[in-house]
Amino acid sequence: MSEDKKTGRARGEDWWRTGIIEMSPGVIRLRGYEIQDLIGRVSFPAMIWLMLRGELPSEDQAALLGIALGAAVDHGPQAPSIAIARMAATCGVGINNAMASAINVLGDVHGGAGEQALSFYGDIAAAMDQGTTLADAVAARLDRFFAEDRGYVPGLGHRFHPVDPRAPRLIELTRDFAARGVVGGRFADIAAAIEAEVTRRKGKRIPLNIDGATAVIYGELGFPPPLTRGLFVLSRSVGILAHAWEQSQETERNKGPLPREWLWAYTGTPVRPFPGREDESS
Amino acid sequence: MSEDKKTGRARGEDWWRTGIIEMSPGVIRLRGYEIQDLIGRVSFPAMIWLMLRGELPSEDQAALLGIALGAAVDHGPQAPSIAIARMAATCGVGINNAMASAINVLGDVHGGAGEQALSFYGDIAAAMDQGTTLADAVAARLDRFFAEDRGYVPGLGHRFHPVDPRAPRLIELTRDFAARGVVGGRFADIAAAIEAEVTRRKGKRIPLNIDGATAVIYGELGFPPPLTRGLFVLSRSVGILAHAWEQSQETERNKGPLPREWLWAYTGTPVRPFPGREDESS
Amino acid sequence: MSEDKKTGRARGEDWWRTGIIEMSPGVIRLRGYEIQDLIGRVSFPAMIWLMLRGELPSEDQAALLGIALGAAVDHGPQAPSIAIARMAATCGVGINNAMASAINVLGDVHGGAGEQALSFYGDIAAAMDQGTTLADAVAARLDRFFAEDRGYVPGLGHRFHPVDPRAPRLIELTRDFAARGVVGGRFADIAAAIEAEVTRRKGKRIPLNIDGATAVIYGELGFPPPLTRGLFVLSRSVGILAHAWEQSQETERNKGPLPREWLWAYTGTPVRPFPGREDESS
Amino acid sequence: MSEDKKTGRARGEDWWRTGIIEMSPGVIRLRGYEIQDLIGRVSFPAMIWLMLRGELPSEDQAALLGIALGAAVDHGPQAPSIAIARMAATCGVGINNAMASAINVLGDVHGGAGEQALSFYGDIAAAMDQGTTLADAVAARLDRFFAEDRGYVPGLGHRFHPVDPRAPRLIELTRDFAARGVVGGRFADIAAAIEAEVTRRKGKRIPLNIDGATAVIYGELGFPPPLTRGLFVLSRSVGILAHAWEQSQETERNKGPLPREWLWAYTGTPVRPFPGREDESS
C-alpha cells in the first residue's frame, strides 16, 4: 500500500492493519472464518493455533498442543510468578492485575528456558538439513555451548527434581503421535541425542525437563522459538489464575514474602547521625 | 493451625499454604493427582477446570468450557487491550511484557461485563430459589437496575454489532448441552427472559452479547462471577498474544496510536512566557 | 468541538486531545511554557506540580510537595510491592518491568490508605464549610465510620509501628509552612482532631501514620484524593527502583519468597489415583 | 554469612537481606539515617540519590539530578507509554494500574536510548582512562558503531525535532555546574565531540537529543548506565501520571487508538467457509 495515497481515515485505519481479525457490524471473522462457524467446532487449543498460525490444525495437532499447554500450568508458590500472583491478590487490585504482575516476570530467566531449548534444537535441525548427522550436529552444538555459555544445557536438568516427572510422559506421548504420523519425531530424536551426549560427557544423567519436553512438542508442531514464550505464558497463566483466585478467598491483606512477625536482615550502613545533627538525641 | 506451634521453617512454609499443588523431588501433584497421570488424559480446558475448581470435569463440561474460552479471544485492534499489546511489542520488551500490559487493562470497564452479567443472572437465580417465578424475578431485578444504574443491562447490547454474531451460536450450543443433560439450562432461560423483558420495556430488541452468552455458560458450569473475570483473561490472552506476535514480526518501533506524521490536538493553555522571562525571545 | 466537522486527520488528532503538552518540530511546551525555559528554573517537585495541576507552584509549595513525596519512598521487603520488585529483578526482565509489576499492586489495600484518609478529611472540611464546627464534624464522621466500616480509621494506627516515626515530623513541617502562610493548616487541624477524638473513644492513643500525614500535606496543597494515589505511586517508585536495582546486582535467579530449600505447606486433597488408573503403581 | 548456621527464622530473614532500609517498631532508617531526620532536610531528588547510591549528595548534585529528571517527563500521546496510560485510564482500573501498563513498555526501544548513550560515552571515557585522546577514542568508537550497528548513534538525532529543544539547555546547565566544580565536564566534552565527529562524517548536523543530554548529566553524576533506565522511568512516570489523571476526568470508556467509528485495515485471508460447511449460507 503506497503511503501517498493515504489520507485521513484510510491512513488512520491502515496504521492499524492486521491479518488476524476482520469485523463489520454483525460480522467477526478470525483468519477468514466466521466466528460463529468456529464456535463449537474447534477446541480451545485449536482456536489458539488458528489465531497464532493462521490456519486450522488437525484435531490431533490441536490435541498435542493442548497436552503441552496443560503440562506447564504450575510449579508452586516458590516460583516467583506464582508468589507474585498471590501477593498481588491481597493488595486490593483486580484479578487481571494480579495475573498481569505475575505474567510480567516470565522473562528470559523465569520463562525463557523453553524458547532457549527450542532454539538449541533448531540449530541442530538446521545443521542436519545441511547434511550433518544427528550425532555430529549434537556434538558441535554442545561444543559451542560449553565454550560460550554456563549453566545447564537448555532443556536439561532441574534445580528441584532429579527427574522432572512431566518430561518422560510428554516424550512418550510425542512418540505416540509420531507413530500415528501426526508429527515427524525429529525433535524428540534431537532431544534424546542431546540428553545422551550430555550424560556421556558429564558422567551422570541430566535428564530432560519440562522446558525441553514442551520445546520438543512445540518444535514438532512447527512453532518458532520466540512464539513458544507466548505459549508458556498462556500455560502458566492458568496456575497464576488458580493461585490468585485461591488467595483472593482468604482474608490476608498486603501479604509479604515472610510471616508477618518476621523482618529482613539489614546489611547496610549502621545507624549514623544526619550531617549537622550529631549532637541531637534521636 | 495454631500459630504458637510454628517456629522457623514450619512457620515460613505455612505462610505459603495452598491446596492446589504438592511437590517433592520428582513429584508434582495437582489437586492430588500425579501430574504425569493428568498429562495426555485431560484436555487443556479440563486442566484449567481442575486447577480452578479442584475436581476433574466430565469431558462434556470441559468441552463447553473450551467453547466459551475460545469464543472471546479477540475483538480487534480498536479494543484497548489489543492496541496496547501491539504497541508494547514495538517498544523492545518481551512478549510476556506486552501481554502483561494488555491483560492489565481488562478491568471493570474493559473486562468486567461478563462478571457483571453473571452476577445479574445470579441475583435472579437466588430469587427463584426463594420461590419467585422467573418472570417476577427478572422484572424485579430490572426494576432495581433501572432505578440504580445507567447504561446497558449487563450482557445485552453492543456498541458495534446490531447482533453480536457470537451469542446466538453460544446459546444454541448451551441448549444442546442442556438437552444432553450436561447442564441444566437455567441460566440460558434467565438470559432469554431478561432479553425478552428488556425488549418489551424498550420497544426494541437489545440482544444478548458475548459477555452475556459466556456468562450463561460459566453460570451453567457453576463458576462464581469473580472467577469468570479470570476466565475472560485466559480467553482474551489468546488474542493479545496473537496480535503481539504479529506486530513483533514487523519493523515498526515505538508505535503510537496514530500515523507517525500526525500529532494530537492541544487544548491547553496557549503559549505563555515563563515568569520573569517575558522579555526574552524564545 | 462538533463531531460532524471532523474528517480524516483532524478527527484522528482530535481523538487524542490533551491540555498538558503541545509539540511541533523543535518545540515542546508543557502547560504553555517552553520546556527549555522550565529546565533549570523549576525543581523536580515543581515540574510534577505543573504537569498535574496545570500551573506553577511557589517554591515553598513545591518544597512541601517534595517533602511528602520523599517521606513515603520505602517500607522494606515485607511490603508486597518491594518484594515483588526484588523477585522480578531476578527473572530476566528489564528494570522497568520489575518496577511495573510492583507499582501494579499499589491498589486500594496496599496503596489506598492515603487517598482514603484525604477523603475522610475532605468530608470533615466540607461539613465545616457548611457551618459545622470542627469538633462536631469530626464526631459525625467518626460516628458514620464506626457504623459502616471496620478496621483503623483512615490515617491512624500502624500494624508495625507504635508511633510511625514519619508522621510527627511531617506534621511539624506542615505547621512550619502554615506559620509562614504557605498553607492554611486546616487539614493538620482536622487530622489532629480526629486523632484526639479516636484516642478519647478508644481509651488509647492511635497515632497518625504516614498515610494520614502525607494526606494532610496533599490536602493542604489542594490535591484531590484520587490524584494522591498517583503521588504515592511516584513516591514509592523510588523505593521500588532502589530495591530492584540492589537485587539486580546479585546473582540470584528466579527468587521465590522463601529460602530456596524450603517448600510450602500443602493443604489440599491428599494423593489420589487418576480415574481408571487405580491399579497402576505410580 | 555461612548457610549452615542459618535455621528457621534467621534463614528466612536472611533470604530477604538489604542494605537500603532498616526497621524496628517506631524506627525507620534509610541508608543508616533516621527517616525523621531526612524528612524536611533533603529534597526529593536528594532522597532519590540517597536511596539509589547509599550516600547523601550535595545540594548541587541533587539539583542537577532534579534538572535531568524534570526534563524528560513527557513527549505527548504519540509516545506509546503515554497513549497506553490514557487508554488504560478508560478501562476501569486503578491509576496505579494505568501507570504500570505504561511504565512496562519503557523497554530497550522506547526507554533504552539514554542507557545506550551513557554506555557509549562510558566506552570512550574508559579508552581515555587508558591514555587515548578524546578525538581518537570518539573516532574508534564511531568506527565500531558504524561497522556493527544501524540507526542513529545513541544520543543523537530525533525523529520529530530537527533540534531537540531540551538538549542545548541541559548542556548549558551542565557547563554551569562544571564551571562551579560540581561536576567535571568530561561527559559533556565526550558528547560534544561525538556530535561534531558525526556531523563531519555525515556532512550534516545530527544534534544531541534528550537521551544524550540526560545521559551526559547522569554520567557526570556517576550513575551507571543500567540504573539510568530506572531514572528515566521515574521521570517519565510523571507524564504518565499526568496523562492518566487527565484522561480519568473524561467520560470515555474503553478508549481505542482511533476514533470510535473507525475500524482497522484487514490484510488477512479473505472470507472462506469453515471446512465442511461450504454449502451453508452464513
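Order of writing sets the chain letters: A, B, C and D. Residues in each chain are counted from 1.
Please note the rule applied: a contact is a pair of C-beta atoms (placed from the backbone, for glycine too) under 8 Å apart; a residue touches a chain by one contact, two chains touch by 3 or more.
Because the structure is a prediction, the values reported are computed rather than measured.
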Classification of the chain C:chain D interface as same or different, half of numbers criterion: same
Chain A on chain B, rotation in degrees - Cα superposition, rounded to nearest 5: 180
Separation of chain C from chain D, taking each centre as the mean of its C-alpha atoms, in whole Å: 21
Averaged-CA centre spacing for the pair chain D and chain A, given as whole angstrom: 28
Distance between chain centroids, defined by C-alpha means - chain B, chain D (Å): 33
Chain A: positions in contact with at least two other chains: 9, 11-12, 14-16, 18-21, 23, 34, 38, 76-78, 83, 93-94, 96-97, 100-101, 104-108, 111, 257-259, 262-264
Chain C partner contacts - residues on chain A that touch it in the complex: 7-9, 11-12, 76-81, 83-84, 87-88, 90-93, 97-98, 100-102, 104-112, 159, 253-258, 260, 262-264
Complex contact set, residues of chain A against chain D: 1, 9-10, 12-24, 29, 31-34, 37-38, 41, 54, 56, 93-94, 96-97, 100-101, 104, 257-259, 262-275, 277, 280, 282
Chain A - residues contacting chain B, complex: 6, 11-12, 14-16, 18-21, 23, 25-28, 30, 34-36, 38-40, 42-48, 51-52, 63, 65-67, 69-71, 73-78, 83, 86, 94-97, 99-101, 103-108, 111, 160-163, 165-166, 168-170, 172-173, 226-227, 229-230, 233-234, 237-239, 241-246, 248, 258-259, 262
